[in-house]
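Below you'll find a set of structures to go through.
Same chain, two partners: subunit A is paired with subunit B first, then with subunit C.
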Partner chain A sequence: MLLIGERINGMFRDIREAIMKRDPEPIKKHAILQTQGGARYLDINTGPAVPPEEQPEVMAWLVQVAQEVSPLPCCLDSTNPEAIEAGLKVHRGKAIINSTTADPWKMEIYFPMAVKYGAALIGLTMNEKGVPKDANDRLALAMELVAQADAYGLPMEDLFIDPLVLPVNVAQDHGPEVLETIRQVKLLASPPPRTVIGLSNISQGCPNRPLINRTFLAMAMACGLDAAIADVEDEELVNVAATANLILNREVYCDSYLKTFRRL
Partner chain B sequence: MTVTIAKERWSGRCLEAVLGTGSRQVKVGGEATLPFLHFEGEILNPPVVALEVFDASPQEWPDFLCAAYEGVLDDPAAWAKKCVEYGADLVALRLTRIHPDGENASPEEAARVAAAVAAAVDVPLIVLGCGVGEKDAAVLPEVANALAGKNCLLGLATQENYKSIVAGCIANGHAVIASSPLDINLAKQLNILITEMNLDPDRIIIDPSIGALGYGIEYAYSIIERVRTGALMGDKMLAMPVILLVGQEVWKTKEAKTPDAPEWGEQKKRAVLWEVATAVALIHAGGHIAVVRHPESLKHIKAHITKMMQPQQY
Partner chain C sequence: MALTGLEIYKLLPRTNCKECGQPTCLAFAMQLAAGKVSLEKCPHVSEQAKEALGAASRPPIALVKIGAGERVLEIGNETVLFRHEKRFEHPAGIAIKVADNLSAAELASRVETINRLCFDRVGRTHCVDLVAVENVSGDPAVFAAAVKAVKEKTELGMILISEEPEAVAAALAAVAAQRPLIYAATAANYEKMVALAKQHDVPLAVKGENLAELAQLVEKVVAAGAKELVLDTGARKMNQVLADQTQLRRQALKRFRPFGYPSIVFATDPDPVRRVTEAAVSLAKYAGIVVLDTVDPAEILPLITLRLNIYTDPQKPIAVEPKIYEIGAVTPQSPVFVTTNFSLTYFCVAGDVEASRVPAYILTVDTDGTSVLTAWAAGKFTPEKIAAALNESGIGDRVGHRKVIIPGGVAVLSGKLQELSGWEVLVGPRESAGIPAFLKQFWT
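Then we have the complex of A and B:
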């Protein structure tokens, strides 16, 4: 189970302010906390407050600051292809691009970029028409992403299909459809593409967010989820990931399993 | 129509352990693939074979096994030299005299014997206790001290007695055998406990407590296989090389011990092949160091390893 730490994101106030002041300390703090917490990737997102023309430079700065204190690779999270490429240029190790949709014009940008930089790519099962209603429509878009990976020569293990998690309070009927999509994506190719979710979306605007996140993570892992962008500073959430990993026999049991899951 | 060779892409690899010093130093492990799959990943070192030396003339060995060491059975240092002449990569000294129910020899006495054996040969030395946890925990640190700087392999350390043995290894630059009772979960946990004492992971050798052919070998086989795939999938607490205490198990079997059994054929041939079959099977499961007793077993196993180390590339 690959946990991608979500915290270095300009949507959070401390990171937004750090970006505005170009203060590296809060970035470093969360890079270290998430590395120790069990993350294997650090998501990096400039947030909406940074104007588009500044995003490439901010992305590159965030990647460098984070990698200065953490050995982890980054998951470059932006809708701006120039910001992604600026991050890739300064990145050390194998990055993940977050993300492309299944729109042809976007796939034409991001698949070649992933291949050029040897990066993995998250593909969202949506297009200009929006988020599909059910598992079948999500799978149809996942298949288009799989076909493009094949066409551009991106190894299937480097494609992460994101079936798009929506908040349980306003889009409750999507929950089971997402779980079914995760299950079925594994049948689309051999070797299969990997799967990822933006976990915290499930609890947007809800009370008891950590409880909802943890519960959904265990359920999604049982369906075959490979990765999650999540709050790895939530210790109990990471404990759930470690425990579900064990129960799925993905790691050999030992009494110190909570510790080994966090060890690099 | 071409055939594509299926090659697994492993994310991890086995740790490489270095034993002994000088020109006869032995390196084991370091593989990036399953046993002998040269076409799929790097195999840095061949598996190695050790012969056993007892600190006192063994009482229950069949005559033909004693005959192989005639004249040296009462002299561990001379016996060890004989093992090297036979082609052993390492010598495994077994401290039988320290057993509390037997002679109950002192740690100092054991250390003296170990030092004499170490001085007699230039191959790396393995020192095995008597199997009584408490006594081994008292004796092995003393042995570690006497062999300081010789980079030996000491054991067996178990979950009950590892602390003093590991401390002795850290202080004197030795590697340790971490032993668990046919249980991969305990094997992994013990490795974690030992590394938490700050012994480097490449100073640990896993003893899965094998069973001989016909006596539970299949349990050992699947555990060793799981250890290897764990290592190759990136589990660092399963990436240590594996030692196979073949001799101690095989020479307990009735197939090796029974002289008169017409339906089983000649005893010597049978006993040697029992050692060879046990060792070879478990080397193919992923074992790195086979410890055997008969020099003919050693010869056959080494011939097999040489053959298997011829690389196949596609």
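Then we have the complex of A and C:
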């Protein structure tokens, strides 16, 4: 189970202010906390407050600051291809590009970029028409992404299909469809693509967010989820990931399994 | 193993003509992968695509049967690289070579010896499976006579080792009904060999110089109509054998069709220790048949045992026979331990009893191979069952006392057991490691 730490994101006030002032300390703090917390990747997102022309420079700065204090690779999170490429250029190790949709014009940009930099790529099961409702429509878009990965020569295990989690309070009927999509994606190719979700979306605007997050994480893992962008500073959530990993027989049992899961 | 959406998509014409009722070929591939439509819906699909889709529904490694009647050997149908993933299905066949240039008496005595290569393991008999008659003489008539003589002396399946189609044809005339394995089709002779295999409906070994050549040759042999195949990669050095066997299995499981058959390996080292080691590696690593040129029981016994171990089902608990075991030089005064017939439990107890240097009896109760506490929780290690075992095993006739020691973990059984059996029940230690100290203290 690959946990991608979500915290270095301009949506959070402390990160937004750090970016404004170019103060590396809050970035470093969260890079270290998430590394110790059990993250295997650090999501890096400039946030919408940074104007598009500055995004490439900010992305590169964030990546360098984070990798100064953490050995982890980054998940470069932006809708701006220039920002992603700027991040890839300064990145150390194998990055993940977050993300492309199933729109042909986007796939034409991001698949070659992933291959060129040896990065993995997250593919969202949506296009300009929006987020599909049922699992079958999500799978049809996942299939488009899989076919493109094959055409561009991106190894299937470097493609992460994201079936798009929506908040349970306003899009309750999407939850089971997402779980079903995670289950079925493995049938699309052999070796199969991997799966990832933006976990915190499930609890957007709800009370007891951590409870909703970790319940859904366990359910999604049972359906075969490989990775999640999540709050790894939530110790209970990471404990659930470690425990689910164990029950799914992905790790050999030992009494100190909570500790070994966090060990790099 | 069904085909994935991507694999199906690559077989489709990609016209996006919508004649199948789906908006795109990609959507049609998805529906096919999910089993919701049939391939017939597509009017433009090629013959090759139909064949590939048909092949996907077959098991990754074909089942091959050699021999006939009671002693038929079945190999193949394997599905994993590691036995802990599921299990290894069909134990590899062990074949012993016989040269066709032996005198009639030598040949008869060698086959007799091969017939006797049977061993008792955990209460069952395990034997070698095949006699491999080799055309050393180069003379078809001599070969046919030898094969016929072997057939008269044994029930075992046979391998006919000759690359001369003439010799194989002569031998088959006498033994085709026994369904021997022909060894082998090569690049030079495969047309004639395939014709013989088809004519007599017998399995055929295919021998390549290396993996690449083997794959090409298998495709030709299959195109010529042979179905039941056994593969020889041509490797004879151990490191190459190991590498090749791994590739055969790995690629077959990835559904590379030419390698979707069981394999045959020859352990050829002249030194017996090295020879047995070679055979042991092949048994552990995917060989379907291992051929040896030896009739020494001391070489065969370890291989029979290893084969039995490797091919046991890891999901099933391994049981020992439920009976009385004697540890050391027992006397009528020796203590009697009761435990379950889970092999792990029994061997722990036996080892610790041995370490105590006190000769003793161990009575294993049949708990379907489950451990003491598991059996107790499942109602398989009850006072009734233990009492029955004490009475029916005949342990009472072997000892002069009436004391039985039960595991400390099931101390709660002691009262009821004493009542039912009439034996005095001593509660032993919880762990068998405590047995030596227990005996010092309580058994004089």
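The rule is simple: the second predicted complex is superposed on the first by the 264 of 264 C-alpha atoms of A that agree within 3 Å, B and C clash if a C-alpha of one lies under 4 Å from a C-alpha of the other, contacts with A are read in each partner's own complex, and residues count from 1 in each chain.
The rule is simple: a residue touches a chain if its C-beta (ideal position, glycine included) is under 8 Å from a C-beta of that chain, and two chains touch if they have at least 3 such contacts.
Treat the numbers as computed from the prediction; the structure is a model and nothing was measured.
By the touch criterion defined above, A:E144 reaches subunit C but does not reach subunit B. Look at A:S190: by the touch rule set out above, it reaches subunit C but stays clear of subunit B.
Partner contacting the larger number of subunit A residues, of subunit B and subunit C: C.
In the superposed model, A:G175 makes contact with neither subunit B nor subunit C.
Note for the complex: subunit B touches subunit A at residues 184-186, 188-189, 192, 226, 230, 235-238. For subunit A in complex with subunit B, the touching residues are 251-256, 259-260, 263. Within the complex formed with subunit A, the subunit C residues making contact are 2, 4-7, 9-10, 26-27, 29-30, 33-34, 254. Interface residues of subunit A, counted against subunit C in their complex, comprise 139-140, 143-144, 146-147, 150, 184, 187-190, 192.
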